[in-house]
Amino acid sequence: MPQKPDLPNPKPESRRVGYAIVGIGKLTADELIPAARTSENSYVAALVTSEEDKGEAFARAFDLSDRDVYTYDQFEELADREDVQAVYIVLPNSMHREYVERAAKMGKHVLCEKPLGMNADDARQIVAACKKARVKLMTAYRCQYTPEHWAARDAVQGGRLGKVKLLDSIHTQVETDATAWRMKQDLAGGGPLPDVGIYSVNIMRFVLGTEPEWVFAALHQPKSDPRFREVEESVAFTLGFPGGIMATGLTSYGAAKTTTLRVLGEDGSLLMDPAFPYDGLKLQLTDEAGTHQPSFPEYDQFTQEFNHFSRCILEGGTPWTPGEEGVADHVVMDALYESARTGKVVTLKSSRKKDASRGPDKPQLPGK
Amino acid sequence: MPQKPDLPNPKPESRRVGYAIVGIGKLTADELIPAARTSENSYVAALVTSEEDKGEAFARAFDLSDRDVYTYDQFEELADREDVQAVYIVLPNSMHREYVERAAKMGKHVLCEKPLGMNADDARQIVAACKKARVKLMTAYRCQYTPEHWAARDAVQGGRLGKVKLLDSIHTQVETDATAWRMKQDLAGGGPLPDVGIYSVNIMRFVLGTEPEWVFAALHQPKSDPRFREVEESVAFTLGFPGGIMATGLTSYGAAKTTTLRVLGEDGSLLMDPAFPYDGLKLQLTDEAGTHQPSFPEYDQFTQEFNHFSRCILEGGTPWTPGEEGVADHVVMDALYESARTGKVVTLKSSRKKDASRGPDKPQLPGK
Amino acid sequence: MPQKPDLPNPKPESRRVGYAIVGIGKLTADELIPAARTSENSYVAALVTSEEDKGEAFARAFDLSDRDVYTYDQFEELADREDVQAVYIVLPNSMHREYVERAAKMGKHVLCEKPLGMNADDARQIVAACKKARVKLMTAYRCQYTPEHWAARDAVQGGRLGKVKLLDSIHTQVETDATAWRMKQDLAGGGPLPDVGIYSVNIMRFVLGTEPEWVFAALHQPKSDPRFREVEESVAFTLGFPGGIMATGLTSYGAAKTTTLRVLGEDGSLLMDPAFPYDGLKLQLTDEAGTHQPSFPEYDQFTQEFNHFSRCILEGGTPWTPGEEGVADHVVMDALYESARTGKVVTLKSSRKKDASRGPDKPQLPGK
Amino acid sequence: MPQKPDLPNPKPESRRVGYAIVGIGKLTADELIPAARTSENSYVAALVTSEEDKGEAFARAFDLSDRDVYTYDQFEELADREDVQAVYIVLPNSMHREYVERAAKMGKHVLCEKPLGMNADDARQIVAACKKARVKLMTAYRCQYTPEHWAARDAVQGGRLGKVKLLDSIHTQVETDATAWRMKQDLAGGGPLPDVGIYSVNIMRFVLGTEPEWVFAALHQPKSDPRFREVEESVAFTLGFPGGIMATGLTSYGAAKTTTLRVLGEDGSLLMDPAFPYDGLKLQLTDEAGTHQPSFPEYDQFTQEFNHFSRCILEGGTPWTPGEEGVADHVVMDALYESARTGKVVTLKSSRKKDASRGPDKPQLPGK
């Protein structure tokens, strides 16, 4: 028993940002609500769910009152809840736009799960709706808020690897439930690519700070497998970045859980393996002197996201991963699907500006 | 968003064991209260602390009411709290006996942090008090409740390493606060040995299932360092187990955090590194065929402890690590201090029975 | 000092296969000659080189006599050397065909470095020349003769990973000498692809036992860099194998040394990292039970090659990696270059037979 | 094929030191002769063995003539061999003194395998004989000639770990041949301690640069096992170094091959695992910033030894590990055996000078 314990010391609720979480599932229960609990500037003020019973059970389990639970029909009642300044959208992809728009109309800021929409057009309308309503919009790319991924970006952009030449990233997992909404094209907008492959696309764009100029993809969809009637099982893709940098990626719903990122420069290389889980990320930097595995303070990725977005709301900033960042991944993914259809390289016209789709305010990293 | 979330599904409070946590510090805030939250059969019903303010802050932070907070003077008021069936003692070592005895007198079961007491005699009186009051007593040896340590024990006892010959374990960390109670001989009963070295002693006894027959120790205590005026900085020790098995150990308050366990048999070896943190334990088994690193389901060590003790209370069992197990470590540590004083091997007369100081009921491991 | 040493116990030279090594460089000095020394059934009987001085220095250093050194002009004098039954061609790629043909005409068996030729047509003529002369031809794919790569193949084909879905392989290194023959298109036939990328192509074909049905590639060639006036710096490629299995690959002369192979199945995965060095190969197999790193006896990859080819010569077999295996890689590489030129997927018509281009006799693995 | 190969470039034999290797076994065949081959300043000029046949087989296998082979009886004939300037003693420990003395009388310099003698007295006489004959004497401690062990020493002595507090080292292996000379007390002078445990003692003394002030040991000798009728199976020991630094060690002939060194300081730690094989040494340095695994150039440990001793001979220096260094380990080991006999700490009176038993000339490390 230490004599001077670190008491949990959040601000009073009145000075924190209250969130309504829209959509209740494992992510909400296991990650979001606990994360909000340990955030200094955020808390969960309400839950929105399709099933009242489930919402109330959640509410009880997480010390909210039954009055804090809303059905989707009651969503607009949140307008009167002044303590709810923001919503966190954790719904099937096809529902993102509707709920972002409804939230924006109420003047609520929006933190939206990835992928932002169903495709680039859908995502652009989400961005437009928030812009029109003058509410803030952040795409929940948790890997752009970790010290490990920032250390990787710093190694790449700070020259530690020498001139960067090649990247490689894998994100695969096995999905067994053929009935899940993720397996329905009109709910998910695609298969593993927008669900897990998006991490590879997103983090390769993030560490480089640039956008691909061309892409290639091939996909495999064994339609006789009930899981893959509507969406692909696997995608293999190649991205061409400015300066001749090339990147390969693999994603799948049919291959054992693997999450990696590798960046090869002329003087050294980095490996993140695993690269995308909620915790236990491992970064290795290798150069002529040897291999270095930096250590990082403990933190929670979802707390990092809450903290950043609430800080933007409280202090008036633009999120590091705004809606535009979500659009940028959709642009790439749309082109990947087109390439897979045509068997040809697809050229993109993206901004040449560094971090073109990112906000001006970098996230605050733990221990800094 | 999965469509069929795993809702947190604890039993109603009336069928769970309510605990009063006695002593509030970092361990309580960071580990015990969250652990109890996720336990199916346990919950925190009350807090006992020296400073009312601190207790109330904690209560608010953890969704207890101010009425659930007691000062040490008010400890006996818990007698009337029928919902409090057990206490968890998280106090400086010198206070264990008093509070165990006071709890036992109220008929409360006791889960007590390690080391159980100040020395073997003190610990034996703690055991006796609980026996007399017919309450259950468990020493909180969290490493005897993890699947990793059980897999190590199974490898050792199941013959996977061949005949076991040697063990080695290190547990060191840097303590900087010379004013901490851990640095006071009459509060702690010793330095790093009963605080962190005890893990090595305990887990080597656990994987073998036997007791040392002889011990040797040397210690280093640089009294000019304000931290080590009363307690040792480091201990190096050797334990002789039945069958000629020998074990070395190192513990310190002055050396960088290191936690390892190594067991060498004639056909193979095992390494746990790290061996004793709250999570991220890593076990490697090596034999002629290669090296195997088994994977384990996620779990929380403190939840494991709560679950086990509550099960014993609800179903009438004896804990796997009862008070006797706490006594057994004290017997070894008393002998280590004696050896360090005399520069000679000290012989022990311990039971030759397998797992002599352990209860009949093995803990339930996660995923089993 | 062990009392019963393992004496080196080669057969007498008269019962071993004598090799003339054609081309003297670092590989010959550091690897081939020492490897032949420790082979039970092979020895170096002669050296063929462009510079007599260099050859004689080598001869002295390696205990051959000056009479065992031949210039390229004197190559045909080997016809009279009955003790030279085979030649090992270690020349720039563009010279392979000429020297294989000249050796075949003399009735010498041929072990030829990879890539077998300059392209598929060139390689097919090499195969034809040996067939016509009824001499044996083996492509020196050392990675098909190691216990690690065979364990990887066994894991893939034996079902340990479940149904295989995806592969990924990287082979990169930094070449600094713009004047090296490897940098000349008409000496090398390409850049890193036929030199190091070929390992990825070859070993992915080997572990699956099948041939790609389609390929895609993109390459980067910064012609302003003197090293890359003629050949590419990097290639990113995708291979489509039967059954929807997809594989990505990266190769480069401009990125830090990296050699990996990853195979992802639905039940598990394997990683070789490093995958292609002369020693220190590391194989990891991961499934639900954990991660296993098998151990292997010590061996020398070049000795393995010598042993296998000499066994084929002495006992009348067909090498596991005959000329046809070298052709098969060229077919894939030709298609990769075509895809890079056109930006389109290129379809291949390969045999559907398992191990179609491999010989019937599997190599003997160390310790078996 | 590189166009400009690195030709092996030793000096002419006349300017290199010729060695007679005394004792032929696996070490000689697998390590010493190949090592001498790649040394710039050393070569094997003669072999001395008990069995003429064996010597001649060796000679042929290693390109020596039959005239270069001597029986032990013919040892003194080496006196006339001016090209033999040094002998390398690879004999059972009990024979070291006799052959060192006979070599010294002939004026030959002596490189002697560890342990230098049977005990400290024996080793001191070896030193005295060489001193009297004015020949150089080096104890073949190969681990004091590697870049990895020097990097460990530099980390320890350069303050990278902060103040050093604790060390731990394991060296175990399984010996199965009860008839080997290593199992005979009067040939070996002890069991695993002077054979493999000596590495732990030696390298802990080396990285610290100081001598233990006190020691403790316990040993296990199951005399019913034919292997351990005369020598111990295992030793567990503790060394007390100046400044309160303590070290534990384990060695055994009955436990699976394990070789480790760990050093714990207040700011960081280092781990070598494996620590003592001929190659594949791995060093990890851990501090608050993370874990660093430095990389090192390739080299051969035995070549390093030959190079160093020959340089001392050619240039007139004193070896880094002279006979005195061999004596120092015997002093420690004698005390360990005494402690094991008495069950008490044994105090030593060693020099307080840094590197008191080492020569002034540090070895030249590869790549420097």
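Just so it is clear, A, B, C and D label the chains in written order, and each chain counts residues from 1 on its own.
Convention: contacts are C-beta pairs under 8 Å (C-beta built on N, C-alpha and C of every residue); 3 or more make two chains touch, one makes a residue touch a chain.
Note that this is a predicted model, so its numbers are computed, not measured.
Chemist: Out of curiosity, which chains are bumping into both chain C and chain D?
Modeler: A, B
Chemist: Could you tell me which chain lies farthest from chain C when each chain's centre is the average position of its Cα atoms?
Modeler: It is B whose centre lies farthest from that of chain C.
Chemist: Counting only Cα atoms for the centres, state how far chain A is from chain C in Å.
Modeler: Here chain A and chain C have centroids separated by 43 Å.
Chemist: Please compute the C-alpha centroid of chain A, do the same for chain D, then give the distance between them in whole Å.
Modeler: 57
Chemist: So which stretches of chain C touch two or more other chains?
Modeler: Residues of chain C never touch two or more of the other chains.
Chemist: Spell out the residues on chain B that touch chain C in their complex, using ranges where they run on.
Modeler: Residues in contact with chain C: 288-295.
Chemist: Touching residues of chain C toward chain A in the complex: what are they?
Modeler: 161-163, 165-166, 168, 170, 172, 174, 214, 216, 218, 220, 222, 233-234, 236, 238, 240, 244-250, 252, 254-256, 258, 262, 264-269, 286-287, 343-345
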